[in-house]
Amino acid sequence: MGYFSNIYHGIRTLLTGMRVTGKYFLNARKGAITQQYPDNRDTLKMFERFRGEVVMPHDENNEHSCTGCQKCELACPNGSIEIIWDRVIDPETGKKKKAIDQHIYHFGMCTQCGLCVDACPSDAIKWAQNFENSVYDRTQLTRILNKPGSKVRAGVEE
Amino acid sequence: MNSISNIIDWFINTGVLNMALIALIYLTVFALLGLFLVLLERKVAAWFQLRIGPNRVGYLGLFQTIADALKLVSKELTGTVKADKFLYNLAPYFVIVTSLMALAVFPFTKDLQAFDINIGIFFLIAISSIGVIGILLGGWSSNNKFALIGAMRSGVQTVSYELSVGLSLLTMVILTGSLQLSEIIEVQKSGWLIVQGHIPAIIAFMIYMIAGTAETNRAPFDMVEAESELGAGYHTEYSGMKFAYFFLAEFINMFIIAAIATTIFFGGWLSPFGITESLPWMGLFWFLVKTFVLVFLMMWFRWTFPRLRVDQLLTLEWKYLLPINLVNLVLMAVIVWLNLTIQI
Amino acid sequence: METAVLNSTTVKKSNFKSEEYFINMGPQHPATHGVLRLLLTIDGEIIKKVEPDLGYIHRSIEKMSESNSYQQIVHLTDRLDYLSSHINNEAVCLCVENALELEVPERVKVIRTILGELTRIASHTLWWGVMGMDVGALTTYFYGFRDREMINDIFEETCGARLTMNYNIPGGLMQDIHPNFVKRVKEFIPHFRSKLPEYDRLLTGNIIFQKRTKGVGVLSREDAINFGASGPVARASGYSCDVRKYHPYSALDKVNFTEALDTAGDSFARYKVRIAEMWESLNIIEQLIDNIPEGDFKVATNAVIKLPKGDFYQKVETARGEFGVYIISTGNKNPYRVKFRSPGLSNLSLLNHIAVGGKIGDLVATMATIDIVVPDIDR
Amino acid sequence: MNNEALQQTILSWFPDPEFPQPQFTEEGSQFLNLSTEPEQLHELMHLLKNNPETHFDYLFCLTGVDYGKELGVVYHLESTVHRHIMVVKVQTADRENPILDSVQDLWATANFHEREVFDFFGIKFKNHPNLKRLFLTDEWEGYPLRKDYVDETNMVVK
């Protein structure tokens, strides 16, 4: 009888499998998990911690809080951050102080590990949530994070 | 002038023109049907898999496969240098021509039948097994080891499953007493054969569907392509339109297997309980409805089951399907002899 | 000469001449899960020899680590076995913390364990989907990914990335968990509990699937040990080797779970062990998720970490098996030598042993249950 | 078996003081460390594996190391019966033609790992059946994980 019980058992397991897929077929409309990506741009919201790219927020006075301490540059495993800095005389105290000229970010080399943001003592850089980063020319991936003419916010110390 | 009109007369009188026209119409309709089946397969697969499926080209993606076909037509035909060129080029036509030929004998309605021969079922079985020669040729001549393995598997598979298809249809022929498809449908006016033949007919239908799926080389019997094992199997080296012929043939074959089942088991164009008997053209509707339900069943198999291994394929055929089929044949004969059929 | 001898013996037996031939499976092949190349020697459909050819994506992470600081090494391990990246990160962090004799807060331990088990489930759901696809049932792929997406969302919300998370740092975690974390995990557990039986109905019980996997690629316990197998591959052969049991790390010594074991050693046993592991991981998460202790999410370390002189080894259980980090330090801020003991390389080395004599289809099923991730092998 | 007992057992195998003794080093470290000479390696490994008291049948890590002057291999062994772990280290000072005994006849897993060590450190293993490069191409020159390896085109030194 093993022969026939094999057949019965086989057909039963096959029908069990077909019931699972059949159930999804009948609920196809509401069950679809497809993300229709370029169409749902408006509703697609990344989580606030999502690591898109490193940005340096500036306030309304075009001031940032980067002191040029270079901790992010040291923390980066891939050398994707370069800081060009100079010592300038602080007009208030009259002392020489480190200030950044350019905070260069090579996005093409970045692996989004988050060590630079973690290392920053003054929260000058943070993660942006954009994710559409493809460009035609990789020179466009080299970004200067501080805006032209910006300066460090008063009171931010190393 | 006289000679030209003579030739034209000859064409009209002998019916060659008629035949050519009918062939052209069939070709167009079934090429489109093949494309539609591809779309259906993709949609059905998507619905089984929590996806949406093609929805970009045209309303609900209805023109997706037309666009695909245009793309395939415009593609470059590549091939291997060391291929046997003649056979390599011949193979796709073998496959597509045989599957289109099989369509000629189906009675879609009472009057819509291109070719009503008195050995209809025999013709269908014979034609459908020629297609495999195309697959064998394609796999062997493209000089690729994966393709060769695929082709050899297809040979093994078709040789064995031909038997089951033939025997399960033969079982039904005992019931009808005729090989002619139009007569088989006439017989079913007193109940579809699957009802008339009850138990042996249902067994024959199940075996037919299993073997038929294997005949079309579709999952769970897609040993020939076996994507995860052989890459693309026998059509690895084909591109463009030649690949499309293989692809289209697979879908038309699927339609043919479903259409045979419809004709033999489910009364062809007959409506259920004769509800639309007064409207003969509704026959086409019923024929297509029944056929597509069976096509859907085959798609359901494909998107649910894993693939068999090549030796298990043979075990299934020779140890299970064939003995059951032979017993079933005797059972059917006994039932017909004792007149135990159900007549409505 | 060898083939001639072989032929003469087979001729006597079967009077049928057969010829062996080579076939290249990969590096571009659907079943090799990445860029792995297998040189197969085949007789008809029967496999006579499998020789893996590796190195197509070798990035020399061990050499790179020698010029990176310890914090920076962590993010490189994301790129080894990318499906258990969190556990790999944890291994490096634990190794560094042990060397520094640094005690991390309880909260960190518990969170690491929860995330590790979520990673294991995510990896196994992907494996389940791909396993089905390898044996020809394509629908499983999407069902597996559906459930994996939920875990990836949890990761993304808390860690900021879906795959290469780099959430662990030596001394703790990069950020505290997201406020929604506990809620989402609690939503996930009942959801996945309801989906796992569906996995069984669709694939495990299926007669074709069982025929394809039972008795295929049988690995004995002795061979599993001899070939250095670990993880579900070894446990399916009856070798109890769960690092979580024998060398518990993080909060794993506080939870109760049973190690999934089987004795058959075939592909189906490996399959069942992984399914059982998903259930166990759910149990572990459930025990911990309500009791995440309050406290800091990291302890302060020096910006430049210098390990004491010596060598340090830490093993953890990733989704694929035993992952080890071996650091030789000379007291500098960079390690002198780092070795990553990847489970994949040992597990792949036994492929030739268990695949010979099977068919091409068997090889594919065996490969799927060994569950290799090629970047893990090509470090 | 704890580390002291292991140490006693292993020392008792080498009673002859004339013969080079295996050295136990770094007692404070995590596992028991044992240094041995290349000539002794295979014999020691054979004893470690087959002696029922030690029964180290699971080789879970095989690491090649370039110590600067010497090239060495580190074996991490575990017993599946006693569940104890120990580390065996072996070094050879010959950098041009370093030869060590293969242990792949004792542990099959060593086959691939020794090929990896050969690939990256150039240590040749005697009696290895298939000693060829595992990851790199056969025509690769040099052994990349050695400390003195230079590749000016492909390597960026920070």
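Order of writing sets the chain letters: A, B, C and D. Residues in each chain are counted from 1.
The rule we apply is simple: a contact is a pair of C-beta atoms (placed from the backbone, for glycine too) under 8 Å apart; a residue touches a chain by one contact, two chains touch by 3 or more.
None of these values were measured; they are calculated from a predicted model.
Enquirer: Please flag the chain sitting at the greatest distance from chain C, going by CA centroids.
Expert: Relative to chain C, the chain whose C-alpha centre sits farthest away is B.
Enquirer: Looking at chain pairs B-C and A-B, which one is connected by more C-beta pairs in contact?
Expert: B-C
Enquirer: Find the most central chain, measuring centrality by the gap between its CA centroid and the centroid of all protein CA atoms shown.
Expert: C
Enquirer: For chain B and chain C, what's the span in angstrom between their mean Cα positions?
Expert: Taking the mean C-alpha position of each chain, the two centres sit 44 Å apart.
Enquirer: When the centre of a chain is set as the mean of its C-alpha atoms, what distance in Å lies between chain B and chain D?
Expert: 63
Enquirer: From the C-alpha centre of chain A to that of chain B, how far is it in Å?
Expert: Those two chain centres are 52 Å apart.
Enquirer: If you average the CA atoms of chain C and of chain D, how far apart do the two points sit, in angstrom?
Expert: 25
Enquirer: What parts of chain A, by residue number, touch at least two of the other chains?
Expert: Expected reply: 14, 17, 20-21, 33.
Enquirer: Going through chain B residue by residue, note those that touch at least 2 other chains and give them in order.
Expert: Residues 48-51, 303-305 of chain B each touch two or more of the other chains.
Enquirer: Would you mind listing the residues of chain C that make contact with two or more other chains?
Expert: Residues 139, 142, 146, 202-203, 206, 208.
Enquirer: Which residues of chain C touch chain B in their complex?
Expert: The touching residues are 21, 23, 29-31, 45, 132-139, 141-143, 146, 202-203, 206, 208-209, 211-212, 359-362, 364.
Enquirer: Could you list, by residue number, the parts of chain C that touch chain D in their complex?
Expert: So the residues of chain C in touch with chain D come to 54-55, 58, 60, 62-63, 67, 98, 223, 225-228, 230, 239, 241, 246, 310-313, 315, 322, 324, 326, 328, 337, 339, 341, 345-346, 348-350, 353, 378.
Enquirer: Okay, in this complex, where on chain D does chain C touch?
Expert: These residues of chain D touch chain C: 26, 28-31, 57-61, 63, 65-66, 74, 76, 80, 83, 87, 107-109, 111-113, 116, 134-137, 144-145, 157-158.
Enquirer: Enumerate the contact residues on chain B facing chain A in the complex.
Expert: 44, 46-52, 300-301, 303-305, 320
Enquirer: Quick one: in the complex, what on chain A touches chain B?
Expert: By the definition above, chain A touches chain B via 7, 14, 17-18, 20-22, 24-25, 28, 31-34, 36.
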